[in-house]
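First comes the structure, then the notes that go with it.
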């Protein structure tokens, strides 16, 4: 990604930004986040198909914010996250510059978040085929088959909260699980505690999740928790015509339509 | 550990008949933190309240649970009692053992167990109650009265006479409402206009009353003491300041064949018109739907003849915004039209008319100048039939209720007919004669005995035309259901009184509830007949249910007193049941992350952004802040907040969580 | 002591399994799930993995469960009645297929749970566990047991250590403890005499990458280093590393109340969480990730050696494999060693 | 054995359904005593986690009820609630939680009879379904044996 490196160097030399967040070569075949603060660091920048970690998770991180204005090498999911974060007043043009990477791996720099939004809105959020099939499979199950599926899948979860840490939208300083008056979600990893934790997370991400799979990729036990948010995503589409992260902040779950349709309220 | 007092009320036998109150009290006595538990016959009685007060003082209670009726009934009573004993009123909770338990379940173990559970739920909740102090909000001492019928007029005058400002809005060009259409009024037979008109004039001239006719409520925001209303003044196409009400325009207007609303379609009016001679204000409006100029783009006769040049064809609707402290709704009612009754001729027989139309025929100011002439050919009907309960008390027609006023006005109509057509014969078909009310029964007897009106007890199955006569066929149930057929010249239907068109929309604009018939719902059928569930909004007259004039006037004065009471104080104390965003010590300040999604969730725009700054004035973080003046305490934001940073006083996370825990666990 | 070496034919491993099952032993063995290798209660021999470099989670869950009840309580007018757990209920367990770097970890856990206070529950669980170590004949970039004093054939912590003697070869079984012998006595036929067998040439190659004593000395002067910030900037502060680690022993005590009944449980916690050190006042002594990362390394390579004279790291490399953002502990330790102060 | 008496918790708003239930009382309409009403200011305040908690603590069924659309005392609390219910309910269904055990309804302050019907219908259907043992199973406290994988 030559032009990315070039641009990163310029930005750092001119100290237009204090840090450029991108990807570097990691252990073995892994790639990982790079925080280039000096021009020479930028040489380590890479970009290829392996670079899937959602870097937006770093934007709200105290240690990173303190460095000053940042530039982020942002793939489509990252850009979506950024727009949602902006809609929730977590970032703005003063502290963030977006170095967009198009699905065709072209570098495209945006003057401001409005441009980013316009770009992002050209693409619909689409759930990949494999997961679509998985969703259909679950839909076809009986309720108690689904119950078994989820209790089994979630039982191994030991609540390391990697899913939360890796999710750009989980930037809350106090997560509901950390709230203990009352203790909504059991702290201990138990079948119930795990179930409630992931249920709560799915609800809190409804209308905000942009389907980047960061949670699933982060899970050391590969628990398919992203199916929950994907389900919410599809249902949001079905019931309310779906959503796009948008600077207007017309958030799916904090707004309503008087003619919202349902078929279960007597 | 908390010291909670539990007070179980028998409510005479209302509760104790099905619930073992003693057992409930004993069980509660064993809960952690319960210092005192007792059952008593009437907790709301003075001795009952004293029992609570003295227990608070002697046992030093820090929480009270009264297990009696619905908190919607007596919560204020018992909270006041606690306050008088020096306990913060919001440390008092009520378990609803009557409406939600004893009245709806049979006597037995299960019912008592439920009572115990409900008490336990509240005992555990009270442990998490906090002392709260009431919120003071300013009161705008201007009332809005919606509807200029007799109820609206009465309410306006009464409020205005207490020295407070009133804005009266009426959707028609003149105030007066249905009463102005009536000929005479029961039971005294004095002329409606004669007693109403002075009041109408008084309204127009009262220094404290601002009158907007031809105007409707556009929107309502805010809350008791602090409403903001938008009023749409529909264009009259007239400069009222210039208009002298000389009437040149109305006499010269070429469009003369428009059915007059005031005369219930029996008379005609012009396109620019004053609804009736005594109208207030006595100034015309142009009915744009029927005005040649607005239809064809030329005419302007009125403009030409107007001596003061008051006509304004290009005048537009005007929106006036007003700050209001209280609202009286007096939008009245309407009656079903004959086309609602296929069996009575779909309204295809011109001589089958409604009671209201008959009023116009009988009225000196009516189309026939008070002579009873039938619409079809203007002949004086020799045989006339009045049908009571046309639609009313008829579940099949979706109107199971009694319209209440018909029995009386039918008697009046028959009487007026007999007085005006001496050799005429009048018949009344009725189900029951409901003449409850001062001098009402006597009035009906007069109609039957002195004026010889024939009352037939029975219903009419159908009306059809046969050689110029209307055949009214029914049965006489007093003559063991013998069929009756009367060849009538005219039939008057006492059609059911129903809610106005658009009552539902208005209720929704005002955020008040309404019953299945779209009549506005009072806060309590007995004890709060003029209040609505929304504080600061009151009801008067037939918008709440069919009402006759005395009742409407009484309600109006009642509502007026409520408003005056509200205006008697400069500040209003509101329950502190509002949302609060937590604040913590540095470096946290608040667990709120400032996503401000709650802002869009709030129905009252009550959530603001607060910037927390350090000593040198730099913004450390932006967090949500609830404006206690605007917050109404719905808690929509509370359930929505991911970090649980917003909580609502009186229904906190801990309280609600504990209630659920307490219901389902042993304590 | 000279170790009792036996030979176990590769096809008699299954027999051994069945015999132990017949003797109603619970056997936890590695299985494959969604590309991860996890320990679970094995019903039958089929499906038990071999040839894995390392299990995703360590086996510490058996002796130090992620969540374990400590007591039940009931409130009443008379007061509080408390019922502790019945240690007799702890089942006899055989840990099958434990790698030497896990087996050695159990020892390190024990030193934590027996430091100042002897943790009764832990010790009881441990006493009921028989460890079947399996030497490594494979390793990957993350392995560094040899740098922290272990090796692919290390016997420490195992009751019996099995070493595969070559591709499709039979197994050398080193019976190391009484627990081990008692297993042999249950299934004598399985364990054939064999003094001669040598395992060294069959073990995986794990080159030494750093010297842990040096690291320790370095750390004594390293507290304020900026290296912590550099290394941890990428860290998202989850607990994956701690939860897969064979020696991380931090736990939280939780009381769950349900009316007058309730229970107290002990469950895993991690120094990587920002709330780990959060005070009620809102003050947090480790308020940034670098401080938490430092704590993790210091604890394992400085504090534990000082206080417990064991290292808190076995070189299993799990934390690096599990880390969602590729925080590679080996890489970081090396860079600590290289930094010149 | 004794006949199964389902435990049902009702989460209702203060202005419509709670008042409606009061009217059921004043009208002396009888209904099953299995239900326990928890009073909220508005359906908008009802936290879905509380519904889950009710199941945790042993409820066999749940009723959630508030003002009809457009009738909310707070103008739109019930609209917000409705949106949340739609998503929450489908998530429950997706995770295999028995949505037949959660009844949602609109009961106005004037619908005392409807409230009685809702309760009776719910009690009947939950009695049909029996105790929610499937859920109970996961609500056990951490057991002595190692819970691994």
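As written, the chains take the letters A, B, C and D, and residue 1 is the first residue of each chain.
Here is the rule we use: contacts are C-beta pairs under 8 Å (C-beta built on N, C-alpha and C of every residue); 3 or more make two chains touch, one makes a residue touch a chain.
In this text, all values refer to a predicted model and were calculated from it rather than measured experimentally.
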item: A-B or A-D, whichever has more C-beta pairs in contact; value: A-D
item: Chain whose averaged C-alpha position falls nearest the assembly-wide average; value: D
item: Intercentroid distance (Cα basis), chain B paired with chain A, Å; value: 51
item: Separation of chain C from chain D, taking each centre as the mean of its C-alpha atoms, in whole Å; value: 45
item: Distance between chain centroids, defined by C-alpha means - chain A, chain C (Å); value: 32
item: Contacts with two or more other chains, residues of chain B listed in rising order; value: 588, 601, 640, 653, 657, 661, 665
item: Chain A: positions in contact with at least two other chains; value: 156, 176, 184, 188, 190, 253-255
item: Interface hub residues of chain C, defined as touching at least two other chains; value: 33, 38, 57, 66-67, 256, 258, 265, 267
item: In the complex with chain C, residue positions of chain A that touch it; value: 26-28, 30-33, 35, 53, 57, 61-64, 156, 158-162, 164-166, 178, 183, 186-190, 217-222
item: Chain B residues within the chain D interface of the complex; value: 70-73, 96, 98-101, 103-106, 110-111, 113-114, 117-118, 121, 508, 511, 513-516, 521, 533-534, 577, 601, 603-604, 632-636, 638-640, 648, 650-651, 653, 656-657, 659-661, 663-665
item: Residue ranges of chain D in contact with chain B within the complex; value: 5, 7, 9, 14-16, 18-19, 21-26, 28-31, 33-34, 36-42, 44-48, 50, 53-54, 57-59, 67, 70-77, 80-81, 84, 108-110, 116
item: Chain A partner contacts - residues on chain D that touch it in the complex; value: 48-49, 52-53, 56, 69-70, 76, 79-80, 82-91, 93-99, 103-106, 118, 134, 138-142, 147, 149
item: Interface residues, chain B side, partner chain C - complex; value: 30, 32, 584-588, 661-662, 665-667
